[in-house]
Amino acid sequence: MAGVEKKSRTLSRAERRRVAYHEMGHALVAASLPGVDPVQKVSIIPRGVGALGYTIQRPTEDRFLLAASDLRNRIAVLLGGRAAEQSLFDGDVSTGAADDLQRATEIALEMVTRHGMNTTVGQRTYAPSPQSYVPGAPTGAVQAADATAREIDVAVRDIISHAFDRAVDILKSRRADLDRGAEILLTRESLSAEDFPAIRPAKSEQHEAAPQHAPPATLVS
Amino acid sequence: MAGVEKKSRTLSRAERRRVAYHEMGHALVAASLPGVDPVQKVSIIPRGVGALGYTIQRPTEDRFLLAASDLRNRIAVLLGGRAAEQSLFDGDVSTGAADDLQRATEIALEMVTRHGMNTTVGQRTYAPSPQSYVPGAPTGAVQAADATAREIDVAVRDIISHAFDRAVDILKSRRADLDRGAEILLTRESLSAEDFPAIRPAKSEQHEAAPQHAPPATLVS
Amino acid sequence: MAGVEKKSRTLSRAERRRVAYHEMGHALVAASLPGVDPVQKVSIIPRGVGALGYTIQRPTEDRFLLAASDLRNRIAVLLGGRAAEQSLFDGDVSTGAADDLQRATEIALEMVTRHGMNTTVGQRTYAPSPQSYVPGAPTGAVQAADATAREIDVAVRDIISHAFDRAVDILKSRRADLDRGAEILLTRESLSAEDFPAIRPAKSEQHEAAPQHAPPATLVS
Amino acid sequence: MAGVEKKSRTLSRAERRRVAYHEMGHALVAASLPGVDPVQKVSIIPRGVGALGYTIQRPTEDRFLLAASDLRNRIAVLLGGRAAEQSLFDGDVSTGAADDLQRATEIALEMVTRHGMNTTVGQRTYAPSPQSYVPGAPTGAVQAADATAREIDVAVRDIISHAFDRAVDILKSRRADLDRGAEILLTRESLSAEDFPAIRPAKSEQHEAAPQHAPPATLVS
Amino acid sequence: MAGVEKKSRTLSRAERRRVAYHEMGHALVAASLPGVDPVQKVSIIPRGVGALGYTIQRPTEDRFLLAASDLRNRIAVLLGGRAAEQSLFDGDVSTGAADDLQRATEIALEMVTRHGMNTTVGQRTYAPSPQSYVPGAPTGAVQAADATAREIDVAVRDIISHAFDRAVDILKSRRADLDRGAEILLTRESLSAEDFPAIRPAKSEQHEAAPQHAPPATLVS
Amino acid sequence: MAGVEKKSRTLSRAERRRVAYHEMGHALVAASLPGVDPVQKVSIIPRGVGALGYTIQRPTEDRFLLAASDLRNRIAVLLGGRAAEQSLFDGDVSTGAADDLQRATEIALEMVTRHGMNTTVGQRTYAPSPQSYVPGAPTGAVQAADATAREIDVAVRDIISHAFDRAVDILKSRRADLDRGAEILLTRESLSAEDFPAIRPAKSEQHEAAPQHAPPATLVS
């Protein structure tokens, strides 16, 4: 979860509680979806530039290809933090999900404009508009007729909206875990799947022999 | 409240009255909304470049996260000056709110295009168009299909419009405070919450331990 | 009133008559609206680059804030020249109002896109498109969805159209003054409010103490 | 009338006939409209770069202001060549009117976007799009919402269309003069109002004293 | 007819047959339309960069003006190759007409945007968008409202479509000549109007005295 | 089939299976369409930058012209990999077809905007927008009215969609070959038409004498 960077980082009680639920939201959605990299650590200790908390996933194997379902799951994990905030604060979400939304947008845009994964938009690619090469402008327009650009916008919105609904549903059905996990997190500040078994992968999937070199961990803040 | 900068700053009686109501509008809306930084000082002494008056809010704690409700309240405070002018002058508003409108627009645009806080536009981010990197052009277009850009424009307009209506409602219900505060301001030129208790926060909220370093004050002109 | 610059400036009889009505139009509209700076001098002696006549207004005090009504009045004065031409020549207007139209457009655009003075467009600001920073291109597009840009265009058009109708109405009700003023102007070439009392402000408004430094005069050509 | 520039300029009999009618079309329309500069000379002798014929008008006085009716008449004169071709060749017009159309377009665009002479578009100015500053791109887009740009396009089209219809009507009612003038022109190659009285101004207008310096002649090719 | 340039140019039997019909299509359409420059030579010998065959027309006189009908005929000749391919291969056209289509597009665009030869678009000119000055981008957009740009696109399409239909009709009525000409061409590789009288101009037109310098030949590949 | 480039390339069992079906999809579609270059080799040995497998086609002769049917077949072959994935994984396609989609898009765009092969868009060319000259942006917008750009987008989509449906139909009717080929490929890692006769061209077409220099092979990854 991202926040404003300040020198002394003393969050208010309400802010720490929001961060704890946000991170636990990422972790529980990751633990509930098949094929998602397992959660290694969840923390509400501020870190680096602007991160008020983080969730680390460690892949069990290298991935060379990602299916549409994998990408949809990744988006759902990214939106798990926002989904937890929404449940807890009755819809009064915060600025802490900005990075999550941007990464989710990037994945959804790639699915639609590069991988042909939306039926309406079709199995063609769209060149990014050169305007999007501006630093700090990672999500952007494509070169298309306006009606086509609109179809792309709607497709991106639908992918994100469905992923968010799945995250909300998962957290609703696991509300006790969410509350319990956030409580532990507020006490201990960080925890692993050993400390809190609820964030272990739902089904102990059959993994192949571990890769010879360790794949890099994914960090969702 | 911003005005045209001139060497000798002798406002007419009508202009001073408008400035006093404008600043008192900011202060009373700030005092009426929960979670808004308390007003420290209100003044109609011209200051710096083009400011004909100002209102200073001093935060009681650092903020790392802002909820959608916090941002909506900030916009309402920014529009409090215009709302006071509108009530007083029967809708004949002035050029003195230009800076307030620009800051309100910037916050509303961030809510919609970066923080996913509008349901229609959805939980995705939009890259700012590179055209908006022009100096002096702080509010701008995003990279989106035209129908999507229109949804964003409508969402921004709605956020600002609702915040303005709230400011108008607050000032209507506190008209006596508005008139009395402006009158004192015209006499004394500046006042604090000690001088005029009506601008103290509505509910004495429970603040946590004061931050170790003093957070910077917010100045609304 | 602006015209084509030529070395020897000998206007035809018809052209001089048009210029006289045009300038008298500015002056009489200025004299008929409350709060407008009083007219000091009206002239049909060509001046500087391309000006075939001019009207000078001298403010009685510095202005730091302008109300929406003030800006609407300024536009009406600017359109007073065109309104006089229209009445006199049965709608066959000329190229002499180009500067007036451009200044009126600039004021109306500022009202709508910077000062939130149109209800439909709303109380937000619009960044000018960088395209408008081209020299000689003072009025321009803003960064907005096309439907929003159209609302802005319609709002600007409405402001100008209503101001023009007011100018036409004023001149219709003061047709005798218009004819008489133009006649004197054609004979004397220039006149002041002392020479022709009809261009004195309608109501002798109560002005405050004169400013210590003389505010600059406004010149409408 | 403009044509392709070639070293040896030997037009075919059909081409010379078309040029003669084209130039006589300019001259007769000019002679039939009030306030238009009188025709001094008509020629079908090729001249300069690409001109296959030309018509010279000599103004009787300097003009500092042009009324909307003057501009509409100028457009009608410019389209007189095309109108004559259309009558003669049963609608099979040629590439020889390209310069006429461009100049007519420029005048109509100025009327609509700079002089407020179209009721729908209104009395405001539109900045030319910076794109039109490209060399060789004299007619161009303005900065406006698309619906407004369309209104401008339609207004320009209407002005040109009405002017063309007037030119066609004039030539229809003066068909005998057109045929006779073209015949003389084919024989003599050039002629003046003395040679062919039909191209003298319709009404001997009352001109003021001739200007001290000779105004420049207008050349329509 | 244009093709991919390769070092050794050994076309397959099917390709040679396609080229022969394509060139004969140009030649027969040229021979069937009045006022079109007569065909001098037709060849299926590859030539220069990428040309797999060519048709040479030699004008009988210089042209300074081109009527709309002349331009429509030129487009029909350019599309004659594609029309022949379409008849022969049951609509399965090839990449060999790319240059023909580009030249036809350029002529049609000039007719509509520079010569006022389309009634809907009207007798005005449109400046090319500066975007079209890119090397290799000879056909391009104009500066106009979107609805106007669409009218231009439709007008260009209609001109080309009608010219293509005329070419198809001509070749349908002269199918025997088409088959016979292609057969001879496949045998001899090139032929002139002397070798194959069917490609002589339909009506021996009355030409004026031959120009003193030889006009350049037109080459359609 | 393209994937993410990594130093040690150890694909999971599921990924290898997907790659094998993907490549066999290319090969079987190529073998089933008339006039398509015959498949020489199919492999699931990773190669170069990011290629997880590849299919090599070797042309039997130089091609100077390509018919619309040839281009449609090429697109079908490119989409054969995606079609195989879709059948096998119940629609859960992967990121491995990105390069195939881009090349298919490029061919379809050329057909529509350069070769006049779509009836709605017509037989004209469209200049690519200069925006598409950005490195890494090979598919792009054209200069056209928005409604025309939309027709082009729809035409491209239709061409790709029909080609994909043909690939799906072919693989459905040859499902046994697809399963068998993938099985062999998973065991041997690469195979030729000798190893697996099902990927030989459907009809042993009559080829002319082999070209003197060997035409370059086509590689679909």
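All chains are identified by letter, namely A, B, C, D, E and F, in their written order; residue positions are counted from 1 within each chain.
Assume a contact is a pair of C-beta atoms (placed from the backbone, for glycine too) under 8 Å apart; a residue touches a chain by one contact, two chains touch by 3 or more.
If you're wondering where the values come from, they're calculated on a predicted model, not measured in any experiment.
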Other chains in touch with both subunit D and subunit F: E
Copies subunit D and subunit E touch via same or different residues, half shared test: different
CA centroid of subunit B to CA centroid of subunit F, Å: 58
Subunit A-subunit F separation of Cα centroids, rounded to whole Å: 34
Inter-chain centre distance, subunit C versus subunit F - centres from mean C-alpha coordinates, in Å: 67
Per-residue multi-chain contacts in subunit F, two or more chains: 129, 146-147
Chain contact graph, described as a line, ring, star, complete graph or other shape: ring
Sequence of chains encountered when the ring is traversed from subunit D in the direction of subunit E: D, E, F, A, B, C
Subunit C residues within the subunit B interface of the complex: 61-69, 71, 114-117, 122-130, 133, 143-148, 208, 211-213
Residues on subunit B engaged by subunit C in the complex (per definition of touch): 1, 3-4, 6-13, 15, 18-19, 52, 79, 82, 89, 92-98, 101-102, 104-105, 108, 129, 131-132, 134, 137-141, 146-147, 149-150, 152-153, 156-157, 160-161, 164
